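Please find one structure pasted underneath; my questions will follow.
Letters A, B, C and D name the chains as they come in the text, with residue numbers starting at 1 for each one.
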Amino acid sequence: MPTDRKQSVQSTSRQLTVVQALREAVREEMRRDEQVFVLGEDIRIGGSFLFTLGLLDEFGSERVLNTPISEAGFVGLAIGAAIQGMRPIIDFQYGDFIFTAFDQIMQQCAKLQYMSGGQVSIPLVFQLPTGASGRGAQHANSVETVFCGIPGLKIATPATPYDAKGLFKSAVRDNNPVMFCVHKHLYGSKGRQLAESSISRGHVPDEEYLIPLGRGDIKKRGQDITLVANGLMLHRSLNVAEALENEGVSVEVVDPRCLAPFDTDLVINSVVKTSRLLIVEEGSERGGWGAQLAADIAGQAIGFLDAPIRRVATPNVPIPFSPVLESAVIPDEARIRSVILELMDH
Amino acid sequence: MPTDRKQSVQSTSRQLTVVQALREAVREEMRRDEQVFVLGEDIRIGGSFLFTLGLLDEFGSERVLNTPISEAGFVGLAIGAAIQGMRPIIDFQYGDFIFTAFDQIMQQCAKLQYMSGGQVSIPLVFQLPTGASGRGAQHANSVETVFCGIPGLKIATPATPYDAKGLFKSAVRDNNPVMFCVHKHLYGSKGRQLAESSISRGHVPDEEYLIPLGRGDIKKRGQDITLVANGLMLHRSLNVAEALENEGVSVEVVDPRCLAPFDTDLVINSVVKTSRLLIVEEGSERGGWGAQLAADIAGQAIGFLDAPIRRVATPNVPIPFSPVLESAVIPDEARIRSVILELMDH
Amino acid sequence: MRALTIRLPQVPDFAPLDAYDHDLLREIYRRMVLIRQFELKVNELFLQGVMPGTIHLSLGQEASAVGACLALEAGDVITLTHRGHGQALAKGVSADSLMAELFGKVTGCCRGKGGSLHVGDMSVGALPAIAIVGASSPIAAGMAFAFKRGETGQVALNFFGEGTANKGDWHEALNLAAIWKLPVIFLCENNLYGVSTHVTEVMAIDYVAERASAYGMPGSTIYGNDPIAVHEAVKSAADQARAGGGPALIECLTYRRGGHKRDDPGAYRPQEEVQAWLRTDPIPAYRERLLADSRFSLSAIEAIDAAVASTIDASVEFALASAAPTTESAWEHVYAD
Amino acid sequence: MRALTIRLPQVPDFAPLDAYDHDLLREIYRRMVLIRQFELKVNELFLQGVMPGTIHLSLGQEASAVGACLALEAGDVITLTHRGHGQALAKGVSADSLMAELFGKVTGCCRGKGGSLHVGDMSVGALPAIAIVGASSPIAAGMAFAFKRGETGQVALNFFGEGTANKGDWHEALNLAAIWKLPVIFLCENNLYGVSTHVTEVMAIDYVAERASAYGMPGSTIYGNDPIAVHEAVKSAADQARAGGGPALIECLTYRRGGHKRDDPGAYRPQEEVQAWLRTDPIPAYRERLLADSRFSLSAIEAIDAAVASTIDASVEFALASAAPTTESAWEHVYAD
């Protein structure tokens, strides 16, 4: 059964990086709807991860706006514009900087629709590079985690070019704020040293398509254990799963793709089949989305489990700079593999 | 076996409200160590919940500072002062306003100690009224939840005057940032209409004592089911547990008292005995501390469970203003009771 | 306290009213009285313990809310503060839906989900209020951004208090509005206090409007208890903004007649200051000026008072008679479709 | 782009050096060269692919870092920016520990946990750098608060870029410092760009220092490529601050010789501007002035250059020879005891 990643090596298919797929998505949506515009720091030259590269030429500086370094200000501004019918996309240089605008997210953007009794809605996409990439603690947050508990937000964490494009287009058309979190190592932007750059390329069809927010995807079928992972961790998990297949352990790899809404049913159905669950995420273990998923399964499907629910995540530490330390704390293939084997012993 | 709440009706004991107990704690610590000072909005007249009432008279305006409405500014200022050896206590009017200073918490306060390789430490207490109290969505956040996943922070959520005082004194002496979250309905400040004001009074001994951060407390012993709850929910849970005792259901009520560090062992030991676990919290279900606890138990003690791990929490909605709606979403005794009974049927 | 004297009211000579349109003058009066009566009634209902939640009254500040809102077009929008009843009524939110909202009823302007801190009605251009100090300023700039981009000719007006000018969001908003020349008016209701804290304690300058130059924006400080002065200032700023001239900062000096919120007696205020300001109550002052204008008779004015009184009574009846929201509605509007 | 001309360098006539202490003049030179050589070496190591992480070079901005830091006392503290190597060396962080930090070694000033974006050494008064733009300003004010409260006579200096002046944290910090008269100097390195974005695009005023008046604080704009001018300005602000006169804002006009960070060629900058500024390189300009002073011979200066070169070489050797942190150390320092 071919996974998305496998499709990527079919010679006939069109191969894009994640950031190329995202640029296609944003361009298509900007052509389709002139209320869509992009703002952020230095986006006229492409932004930090080249998400906006070339947009200025096609759409002009009225729709591709360089902002001052004023995150709370321009998030608030985007909220106001969205309330008045526009559909802003905010490109963050690093998702990490959004914490300086956190009140605008948590208290305004996520709640105004509700507080107003439905009088306003806020279609607004946040393009947020997430995760660790060798720059120390302040540039290494798994930002998606922080937003998981906030009602009113949607959260996407695509791992492949195909998913990135389809989800991004849905995000732009959604009438709610969407936190679109892409791992910094997955964009495949030129000039960026990617730890695992090969995994950033993949098949993207020519024809238009959308992927609904909230629908997960089984990236590899298997019988023995359910492994749920997203973002960069999905790739590491798939590598392990593929290797284990040859060793007789059949891992089903589920990519939730979105953290809110979360496709819990997809996981439950898989767990019913495999009776074992491992959750892999990059964010720190305490308070991660994996905790919520584990709790949901322990609440709704505990009877199907033959083993403890295990999690592999970063321990509760800020991310250290030194490359040896960064790799020591962030889940790697060896850790994922060994926990799978432990669970198979149950 | 008497609980803290039961002690409160012993006629010989000294009875204080939570806010009185807190004021005693802060006063004692300010006398003990002149590096301790308090800052916040309008604290010279007592602050929002009268936490600082009378402090100005004893300690003067050099140690009791009214700030401008500049949360990020004065949190940062307190961090700087702490780095230089002072021990600031920040009184927030409502914990909800801390989100405008979130970067200072998440990226600075929680990480500078680590990033600097231990060169600095930040002894800093945040006094944060938390939870819903009839003021609509922007004043009703369970702020403790948001901080749970941030390594480097400690979090206390006392529910009784005794715990509040003992934990607060430990918080002031701790060399780390401590988020001290007290439910708005529990202070017992004069002039505040308290939904359940009786529960705010309790025994506080004359002698000095400390309660270590991270040690939970069994508030009621029981055999049949473990119920973990904090803050206002602890009181609702105890009411239910006491009523059920007469109906032959013996509920063990565990108060974690702190969310970080979390006394997971105390819960595990209880679950080993009871084989059933219910977690009750006011924050919204998705991403709550209860999810983390459920995940930990599902990972470490799943074999002892005879029933699913259940949670009672606010559903994933912002808190509505209308009193009928607020009470519909926030866990009440009826909901707690019915889930206990469901679990007992397993 | 630094410079108490400059914080005492400096009541200017009032401009004669002859130059003004009769209906406008009348409506200014009516709305000021509407706000006053509405809030007195709300206060009473609170003291009786029948009204839930908390309230922040704007008694004494009616002139700036009304002067500002009546200088706007119907299609223009305002953002409101935690002290928003007056701003809402000034912009045309109905007393019925406002009162019902305070009672948490389904007929409230926000279906009972907002409450006193979040009142507003988009159909009259009043964005449901944002209670986090400073957070509304960039949002107002954003609405203005949409107006400018859509070339709609609309203007946004951001109400805020002087205490709010020390928030980072406010700073960022003013800068964004200035560099992009957005049609937004930042309207400061400087009532000298943020809760209990006097403005001189939290700013080392005399007036909030002095900050405008930091953004390259025009700023002015006016006597905020004269609705006509406020009206003039806002009208001319709105004209400028519509013409592409960008934002402006207008500071209205005014005063809360009561405390910060219902349980606050405001005892932290020096008596000299309180007494001096209480004498400047905008409503009697304006009423006198109307009476001095031959176009307004005492009986016409009393008729307005009476009509307002019955509007208020009706709004209470309406609110009390309205249903509470259904429990199921708590689950609605978390996400838009 | 508005007003390019006012953004071209306005090189003033330099004051003669005779009035200055020989050792100070020498040390200014040595530290500027130290920074330059350090960063050129770091750049080279990056291009070779042997250095991990990312770097933001301050080539061209040496004069303001050195002029400012040498105007402080040893006990004074600075906060550093993302572009902090120069600030660190200027304040006295050793090249060895700095280089080792960039390599993520346990001998680094932050034990390898910080990296290029977070360098600093408390023992010389350099708070490990804060890479979130604006966040360090209130923290600097807080350190100054402790100095004032403890009557220690120390001063804090907050380095920030002109782009940072649009952040809310910065605004709140300046206001707090002003109302509490804290001994803190806000030192703006205005290199005209925040990443690719020219200051004229994000501010509708000419100079950051114009914002000082919004807080009731003295502000000045100086030519930042003259270390002597910077030294004078900071010295007098520090004297004021120590005497209880409160904070000051000093804006140093300077320029990045390269792009924002290693992978940025800086191609968004107009050639006219780049060329004009490149001609103002502070190091040769200052070197010439030294040579014009009879107290400095060419050979003495060349000896400094040579000594610096070996310091840098030694630092690379030191860093490369140092051990990586142990894996266990990743778990240390999350909480203080």
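Quick notes on this one:
Criterion: contacts are C-beta pairs under 8 Å (C-beta built on N, C-alpha and C of every residue); 3 or more make two chains touch, one makes a residue touch a chain.
Please read all numbers here as calculations on a predicted model, not as lab measurements.
A count of contacting C-beta pairs for B-D and for A-D identifies B-D as the more extensively joined pair.
Relative to chain B, the most remote chain by averaged C-alpha coordinates is D. Centre-to-centre, using mean CA coordinates, chain B is 42 Å away from chain D.
Chain centres here are Cα means. That of chain B falls 37 Å from that of chain C.
Mean C-alpha positions place chain A and chain B at a centre distance of 32 Å.
For chain D, residues that reach two or more other chains under the stated contact definition are 110, 112-114, 118, 130, 132, 135, 166-169, 171-172, 175, 179, 201-203, 334. Annotation for chain A: residues touching 2 or more other chains are 67-68, 70-73, 96, 99-100, 103, 107, 114-115, 136-138, 151-152, 316-318, 320-321. Across the complex, chain D is touched by residues 37, 62, 67-68, 70-86, 103-104, 107-108, 112-123, 151-152, 154, 175-176 of chain B.
Those residues of chain B whose C-beta lies close enough to touch chain A in the complex are 72, 96, 99-100, 102-103, 106-107, 110-111, 114-115, 136-138, 141, 145-146, 148-152, 260, 283-284, 286-292, 294-295, 297-300, 302-303, 305, 307-311, 316-318, 320-321.
Chain C contributes residues 52-54, 104-105, 110, 112-118, 130-135, 163-164, 166-169, 194-197, 201-203, 263, 268, 324-325, 327, 329-331, 334 to its touches with chain B in the complex.
Considering their complex, residues 166-172, 175, 178-179, 201-205, 210-211, 213-217 of chain D touch chain C. Touching chain D in their complex are the following residues of chain A: 41-42, 44-45, 66-73, 93, 96-97, 99-100, 134-139, 191-192, 315-318, 320-325, 328-329.
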